[in-house]
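Across the two complexes that follow, chain A remains constant while its partner is chain B and subsequently chain C.
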Partner chain A sequence: MVRYRLLDGVKKVFLFLFSIFLLSAAVFFISRLAPGDPLVSYYGERVERMGIQERVWAEEKLGLKDSVWVQYIRWLGNAIRGEFGISYKYKMDVIEVIKGRIGNTLLLGGVGFCLVFLLALLLGIFCAWHENRMPDRIVCTLGTITSCIPEFWLSLLFIFIFSTNLKWLPGSGAYAVGKADDWGSRMEHLILPLTVLVVSHIWYYAYMVRNRILEETGTDYVLLAKAKGLNKRQIMFHHCLRNAIPSYLSMAAASVPHVLGGTYIVETVFSYPGIGTLSYESARYKDYNLLMLLSILSGAFVILCNMAVQKGAERDGR
Partner chain B sequence: MEDRFEIVGIRKMPDVKLVKKEKWYQGKPVFFAILLGMILAVCLACELVMTKDPFYLDLQHCNVPPDGEFLFGTDTLGRDIFSMIWYGGRVSLFIGIVSAAVSTGIAIFVGAVSACAPAWADALLMRFTEIILSIPSLLLVLFLQAVFGENTVFSVSAAIGMTGWAAMAKVIRAEVIKLRKCEYVAASKCMGGSFLHILWEHFLPGFMPSIMFMAVMEIRSAILAESTLSFMGLGLPVEMVSWGSMLSLAEKAILTNDWWILFFPGIFLTVTLLCITRIGEYIRRKF
Partner chain C sequence: MSELLEVKDLSVSFDTPQGEAQAVRDVSFSLKSGEVLAVVGESGCGKSVLCKTVMKLLPPSAKIKSGSILVNGTDIIGYQERDMCKLRGKLFSMVFQDPMASLNPSIPVGKQVAEAVKIHQKGLSKKEIYKRAEELMRLTGIACPEEHMKWYPHQFSGGMRQRTVMAIALAGNPKIVFADEPTTALDVAVQAQILDMFKKLQKKLGMAVVFVTHDLGVAARIADRIAVMYAGKIVETGTAEEIFYDARHPYTLGLLRSLPMYAEPKGELYTIPGMPPSPLSLPKGDAFACRNEYALKIDYEEEPPMFCISDTHYAATWLLDKRAPKLPAPYR
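Now for the complex of A and B:
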């Protein structure tokens, strides 16, 4: 048994590394096929005034002269030693660039994820409790509408209403200038992006919780519990919810990429200095090294979550 | 015939049927279907409704609020938003339908081949599908667009269509594995039916109900993807009018406080997505 488990673990690790390798190769080749000039992101406006000789020298300096294969093998060799090169735009080690930003994304994404799942659970229970009566119907209709509003448009609306016109909350950035350590300022900047994340994702999950609980309330053991004289609250929380929670948790893990994608969009609209804005910039302005590390990080995160879901499904003996 | 005896002690009740007769429209999203039909019809016949040329840059009338001449106002480039809505809607809906068709086609092909292929090929195809599924689709679309080069309506719909098939392919594979063992399939094989013949005649009617819902939802997510991409400046450029590219001017509009540039394309987008969702939900319940 132990040997089997060990073998399985090794297989998993191998599969993980192989997926990352495939991902890195795909990103590397495709980003280099794309039109666009990486020199612009390094030298900015100066590129237009460069002579041919200067261009050649610059390309050689950044290692863009060789064929794509040679470049990839060189990149792979460096990556294994933990060196991912410098960012063309920020002229720093890419790891340093990402280190400065990742905290912001983890804060937004992490808090957003927890809020979405906690509130979705509560809302789902609320709807199931009032099944097909007025409160349930109102929430269902509202939920369908909110889930159809495009995330980026909702962000724009919020910026327009609460930031430009009412001037209640700031509409961009992660903290006021020079107040990086001020938690109050950070919180203030988080409110709008968080609200967008929650509003646009919550209903999808709340609806699933609602239906999952309603599935449970139709079963025989609930009838037995009713016959035994338990009241609605006891049945709902001690019996139905207990059976619904495991599938909800595995769904939560499976939805990480979904919420992650949402965070990226929200970050871009709110110009929130995080991984999302960084990926967008690096893809748009051909900041190759930065793009590589960012896609590998997000890819690895997503693949790990999927593996966790599979593992959970195997463990769940039912 | 008169009864000899009368039973006493019971209240006479009029004979009422307990089952209420369902009206034909009950439980059906009629309102949303009509609304979507109207939007679709006006977009298709937009030449009849448009009051201005949606491409004309009327630089003397930039950022004009809605009035009698410009029904929904004009944008920062001086184009008439009312005309752009209908013309852009045609583009957005077209991209949605084409991408959904592309991804459904790929999904049917990959799913059916994977289900009928030998085990190693099946495993390979499924691993590939999982990798596609695990990469954030926005990133994938970005890369595909890079390969296609210039952004046109067709390249954008192809790029979106080629990223959205993975989940559907898995469902189709599961369905075909169930159908594959049926006797009518074996009979068809014995009579010399080719793979494509069996796929078309026997598998397709079998798994169609279970993917109808997904195909409709694919239209919805394709429209959403197009608008998000164009808004970020990665999809259609500003000169090509679609609901998404109209919204790419919204960030400027926020600074100048022109609500109409932001509001109208977004509300049309939301209403269309809502209609498609409601119809999709109905299809899921029905089948």
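Now for the complex of A and C:
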């Protein structure tokens, strides 16, 4: 048994590394195939005034002169040693660049994720409780509508209404200038992005919770529970929810990438200084080294989440 | 002896996309305390719906159209969910057909029994509750209940599960137990055991039982009185002896004749010709007429009323009308 577990663990680690390797190769080659000039992100507008000689020199300096294969192998060699190069735009180690931003994303994504799942659970229970009656129908209709609104559009709408017109809340950034340690300011900046994140994701999960619970309420054991004299509340919370929650939790873990993707979009629209904005910028301006590390980090996170779900599913003996 | 449960002219319909399905039509029966009534009939004749109606466990698509359900003289037909909750388990409880599905798969069986005990006996400590649950499980014939309580339903055999369901049903000391084909999903050897145990418990605890079954053999084993149902109606009711030795309704006779014990050696078993009518479109007149070899013309025109044969024996067939032609008794 122990040996089997060990073998299984080794297999998983290998699979993980292999996936990351494939991902890095894919991102590396595709980003180089995409049009755009990486020199712009390093030298800015100066590039336009560069002569051919200067360009060649600059490209050589950044290591862009060699064939893509050579570049990739060089990158891979460095990456294995933990050196991911410098960001063209920020001109410092990419790890440092990401370090400065990742906290913001974890805050937005983490809080957003928890909110989405907690509220979705509550909303799902609410709908299941009022199955096919007015409150359920209203929420179902509203939910279907909100879940169809694209995030970027909703973000723009919110910025337009609450930030530009009403001036209630800030529409961009993670904190007011110079107030990085002021939690009040951070919270204020989080409200709009969080709202967008929750509104656009909640219904998908709430609907699943609702249907999962209704699947349970249709079973015979609920009938027996009723027959023995339990009331609706007891049946819902002691019986149905108990059976619905494990699958909900594994679904929650599996949907981390979904919400993460949402976070990236929301970050970009709200110019929220996080990983999402950074990824967008690095892809847009061909900041290769930064893009590579960001994709690998996001990819590793997603793969780990999925593996955790698998593990959880294996463990759940029921 | 006064009637514990009295159902009068009960009609229940289901709303389906194809129209109204009449599941139970004008059913009346009564039950004294300590009595076992077997409700016998083919699948889909409304037996289960009848039980679930009394306990108000029907899905929302079902509608009680008319009738009254008197419990000790009080009509509970208008009771809402809140009031029913107080009656369920205490006044009546139910044992379902499929013991696999009627226990929650993710809760240990002991806890499920304890849950039922907890609702009905307020003010017991946790220890006392589990003690009582253990007692109930021992009562229904589960060996070493203190050990088996911790098990999950999937670790139990079908018989053990059904015993657990019975323990749950008995937790509130109900006066009436509805048993909805409790032995159908079990194999024959276990069936007999469960049935005997059930009968014994019924005697010991003195509860009344409405026992739904499609198996006349099972009914004979357990019932004091039998009601035969066909297409949502009770067509004949009487004591067990009256039904088995002096059946009058052609449908009851058909059922009796199809028992293997009446078949000739190596011969084929008797079957009633045709199919029961769809509850969506019941024929005019007697619903059984088109399958009835003794059908009279009036059977296709008008539904027969209940004819009284004795104080306890009633049957709904025009053959009992005094104007009906005299057939060789009892039309066998």
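Criterion: the second predicted complex is superposed on the first by the 317 of 318 C-alpha atoms of A that agree within 3 Å, B and C clash if a C-alpha of one lies under 4 Å from a C-alpha of the other, contacts with A are read in each partner's own complex, and residues count from 1 in each chain.
By definition in this document, a contact is a pair of C-beta atoms (placed from the backbone, for glycine too) under 8 Å apart; a residue touches a chain by one contact, two chains touch by 3 or more.
Predicted model only: the values in this text are computed from it and were never measured.
Student: Have a look at where A:159 lands relative to chain B and chain C in the superposition and call it first, second, both or neither.
Tutor: first
Student: One more residue to check, A:264. First (chain B), second (chain C), both or neither?
Tutor: Once the two structures are laid over each other on A, A:264 reaches chain B alone.
Student: Looking at the overlay, what does A:227 touch: chain B (first), chain C (second), both, or neither?
Tutor: second
Student: Name the contact category of A:281: first (chain B only), second (chain C only), both, or neither.
Tutor: neither
Student: Have a look at where A:27 lands relative to chain B and chain C in the superposition and call it first, second, both or neither.
Tutor: After superposing on A, A:27 lies in contact with chain B but is clear of chain C.
Student: Please work out whether A:242 is in contact with chain B alone, chain C alone, both, or neither, and reply first, second, both or neither.
Tutor: The answer is second: A:242 touches chain C but not chain B.
Student: Under the stated touch criterion, which partner chain does A:147 make contact with: chain B (first), chain C (second), both, or neither?
Tutor: The first partner, chain B, only.
Student: Applying the document's definition of touching, compare chain B and chain C: which contacts more of chain A?
Tutor: Chain A has more residues touched by B than by the other partner.
Student: Show me the chain A residues, by the header's touch rule, that chain B contacts in one structure and chain C contacts in the other.
Tutor: none
Student: Please give the residue numbers of chain A that touch chain C in the complex, ascending.
Tutor: The contact residues of chain A facing chain C are 132, 219-221, 223-232, 234, 238-239, 242-243, 318.
Student: What part of chain C is in contact with chain A in the complex they form?
Tutor: Chain C residues touching chain A: 55, 57, 60, 81-82, 85-90, 93-94, 96, 98, 101-107, 115-116, 119-120, 152, 165, 168-169, 171-172.
Student: Would you pull the chain A residues touching chain B in the complex into a rising list?
Tutor: Answer in residue numbers: 19, 22-23, 26-27, 30-31, 33-35, 144-145, 147-153, 156-157, 159-160, 164-165, 171, 257, 260-261, 264-265, 268, 279-280, 283-284, 295, 298-299, 302-303, 306.
Student: What residues on chain B touch chain A, complex-wise?
Tutor: These residues of chain B touch chain A: 130-131, 134-139, 142-143, 146-147, 149, 224, 227-228, 231-234, 247, 250-251, 254-255, 257, 259, 262, 266, 269-270, 273-274, 277-278, 281.
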